[in-house]
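Please see the structure below; I have some questions.
Chain IDs A, B and C follow the sequence of writing; residue 1 opens each chain.
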Amino acid sequence: METVKLASDLSFSRIILGLMRLNQWGFDETELIRFTEQCLEQGITTFDLADIYGDYTCESIFGQVLKQKPILRDRMQIVTKCGICMRSDKYPDRRVKYYDTSKEHILASVDNSLRHLQTDYIDLLLIHRPDPMIDPEEVAEAFAHLKKVGKVRHFGVSNFTPSQFRMISAYVEMPLVTNQIEMSVLHVEPFFDGTMDQCLEKRIPPMAWSPLAGGRIFSAADEQSLRTREALVQVGKELGDFSLDQLMLAWLLRHPGRIMPIIGTGRWDRILSAVQSLAIPMTRMQWFQILEASRGRQVD
Amino acid sequence: METVKLASDLSFSRIILGLMRLNQWGFDETELIRFTEQCLEQGITTFDLADIYGDYTCESIFGQVLKQKPILRDRMQIVTKCGICMRSDKYPDRRVKYYDTSKEHILASVDNSLRHLQTDYIDLLLIHRPDPMIDPEEVAEAFAHLKKVGKVRHFGVSNFTPSQFRMISAYVEMPLVTNQIEMSVLHVEPFFDGTMDQCLEKRIPPMAWSPLAGGRIFSAADEQSLRTREALVQVGKELGDFSLDQLMLAWLLRHPGRIMPIIGTGRWDRILSAVQSLAIPMTRMQWFQILEASRGRQVD
Amino acid sequence: METVKLASDLSFSRIILGLMRLNQWGFDETELIRFTEQCLEQGITTFDLADIYGDYTCESIFGQVLKQKPILRDRMQIVTKCGICMRSDKYPDRRVKYYDTSKEHILASVDNSLRHLQTDYIDLLLIHRPDPMIDPEEVAEAFAHLKKVGKVRHFGVSNFTPSQFRMISAYVEMPLVTNQIEMSVLHVEPFFDGTMDQCLEKRIPPMAWSPLAGGRIFSAADEQSLRTREALVQVGKELGDFSLDQLMLAWLLRHPGRIMPIIGTGRWDRILSAVQSLAIPMTRMQWFQILEASRGRQVD
């Protein structure tokens, strides 16, 4: 599979496996190991997690793979995140959801992630959400320490606006290698609000979460979904025998910005389907036809 | 006439002739040549075009002038644009309007423009609209090539937001010399949304399209037009015997940002009228009185 | 009291006294002198003014203090502003409110301020509002001149958006040391619209005007005020015996951005109350609880 270079010593698979719902996939340990190995064989080598996924359980579940098969660690890149303090039975004192990007929290969160994941290092650590109470000096100190002791190889952010990205970049010594954002045929704002502009400007490839828009296109109960689905169907007829989700991925992959979609599925047929979307030769006009349908108006 | 320096070797007339509707002016070849010569004598030396104007015909119509009077070429600056793929009988395969800023398209579009315009070079080439599917590396390559072979002297953009401008500037080797945007007493957003801020920051003078707001002020059927017209009339009484369109131009010309209005008319009396607007000594308070009327509220 | 360093030779008290309504406080000269001395003894050494405050009278009123007690001048920092042309009986020719950031106006305004304030220098001069008709070269020239002749020690802006700040910074030689903006538990936009991001990025501490939201929380007639008041009350119960306004200040002071609230009161008990808010140890979760109440929704 095509890879995307994020730094001189960091490349991701173009399609990334998202493990946000790993706790719901119903895998036993053997099945999960087998699924992981199949992904690696298919060239999907990057795995996306966060401390909070599955009510703080997904990292631990995935950690079983590495415990049983530590040899797989070098063949994969692990992304995880920190900074959100979810309400949870595990944290009964939390009255509200909040963010914590203090040095203390980041360091503790990474230590937890390493223990849960049963690994010595994280390939990429992301600040999960922009924190309105951020102290960028603390973030910079935390990142510098984590890099120095080898616990984290690279750093990035998620859901950051351009001004937040610019701000944190003014403190962190090492370049931030990605911004993980929501992008799909039903969520095209990043192409117009400056987020994609900044990714191109800084030459960083974004990771796209919810690239299939959570399945909304399949039910298509709203106008935008209906219009977009119709455009996808028409484009699909021209391109050959492709499914809606393949076309949705192809739309992201066709963009020159080296967008890396995160596929959050434990079904092998869907993984294979996603991989095939890399080969769809969508034309520029088809790309804009889908965009026009999503926005409900043609470009100016 | 006053000129505006965009680069060490590029100056535009403060008022620019817009040829978007040249195909509708009803000039025969002799009339067009005479009109062009009159403009040049009046000091209007900059002519604004685009590949798509007049359903892809205006460049060719204007090209007749240069074919018959090639001696005029050195006395004028030609601006043209590329990047929009219009729906047109000439392109029956286009199902939707879309943008194409690929290297291949830019190079082909410039070759077409040169052939239509019957000239060897374009003084200023603009990307017509910000392309959400842009590959800035391709744009940079195309620009570098066009500069090197002498087909285009300078480059700029049109209708770009600040973040899009910043992004493309991170790739193109030569400075972008302008951003052509919509600005008028009825379209004051660029003074508040960061667009004019960026022009000042980068020290680039903007070209203003639709500086007379398409004549809306004359019919004045909406509240904003009514209010603004009333303010213009009151200011006009103080300033002397000036027409509404002269006051509208004076409002743009009074701004320190060296705004260059594009006048899209083939009527000689309107050209003369526009030229006279350069001499209107509008005060700061009058400028804000018109702004307040347009926005429907005083400044904070 | 804690101080905030804005430049190598400029430090402000963390809490600033705002004199916008000094003309309404009902102080006679002796009382004003005594109040000023009390503030200084309490560590509140920074005084915020503007040419226009009190219909152009507050600077003169405060000037009486310095006339009678010139020895106090070295113990305080005076902030004043220019650029707004208010409608006023003093300026009967003004038909509309407008801005003037011309060199001529800035220089004349500072001369007026110095005369009114009965001092030789202003510690910090702010452009009061972003002027859509600004000529940044003139502003830069005015600032350079004022610095050179010693009339103004430092420069900044007020109510500027990030793009306006970036633009003016591209012209002014000396760094702008602050952006004075509206911030409070009821006005949290600056934490999300890029304004605070830019302050952090440029490492400039913002001054916060209306940090108590004009008393709206006390009447609490709107939904936002009701929700926020309730959150403040709950947080207050946990923190101890603090008033609503103390908690509102603590919320700003808790942010890592070194926000300097401007307290606009002539009542000594309120001054003391404000000073005590510096010691409130608000937790991160409490900070977000108040933010959530203000916005009416939890963070993403």
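As a working rule, contacts are C-beta pairs under 8 Å (C-beta built on N, C-alpha and C of every residue); 3 or more make two chains touch, one makes a residue touch a chain.
Bear in mind the structure is a predicted one, so any value in this text is a computation, not a measurement.
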item: Pairwise touch network: line, ring, star, complete, or other; value: complete
item: Residue-number overlap at the chain A/chain B interface, same or different (half cut); value: different
item: Rounded Å distance between chain A and chain B, as computed from the means of their C-alpha atoms; value: 42
item: Where chain C touches two or more other chains at once, by residue number; value: none
item: Parts of chain B lying in touch with chain C, wherever the complex brings them together; value: 162, 188, 191-192, 194, 196-198, 200-202, 254-256, 284-285, 287-289, 291-292, 298-300
item: Chain A residues within the chain C interface of the complex; value: 85, 94-100, 102, 129, 132-138, 159, 161, 163-164, 166-167, 170
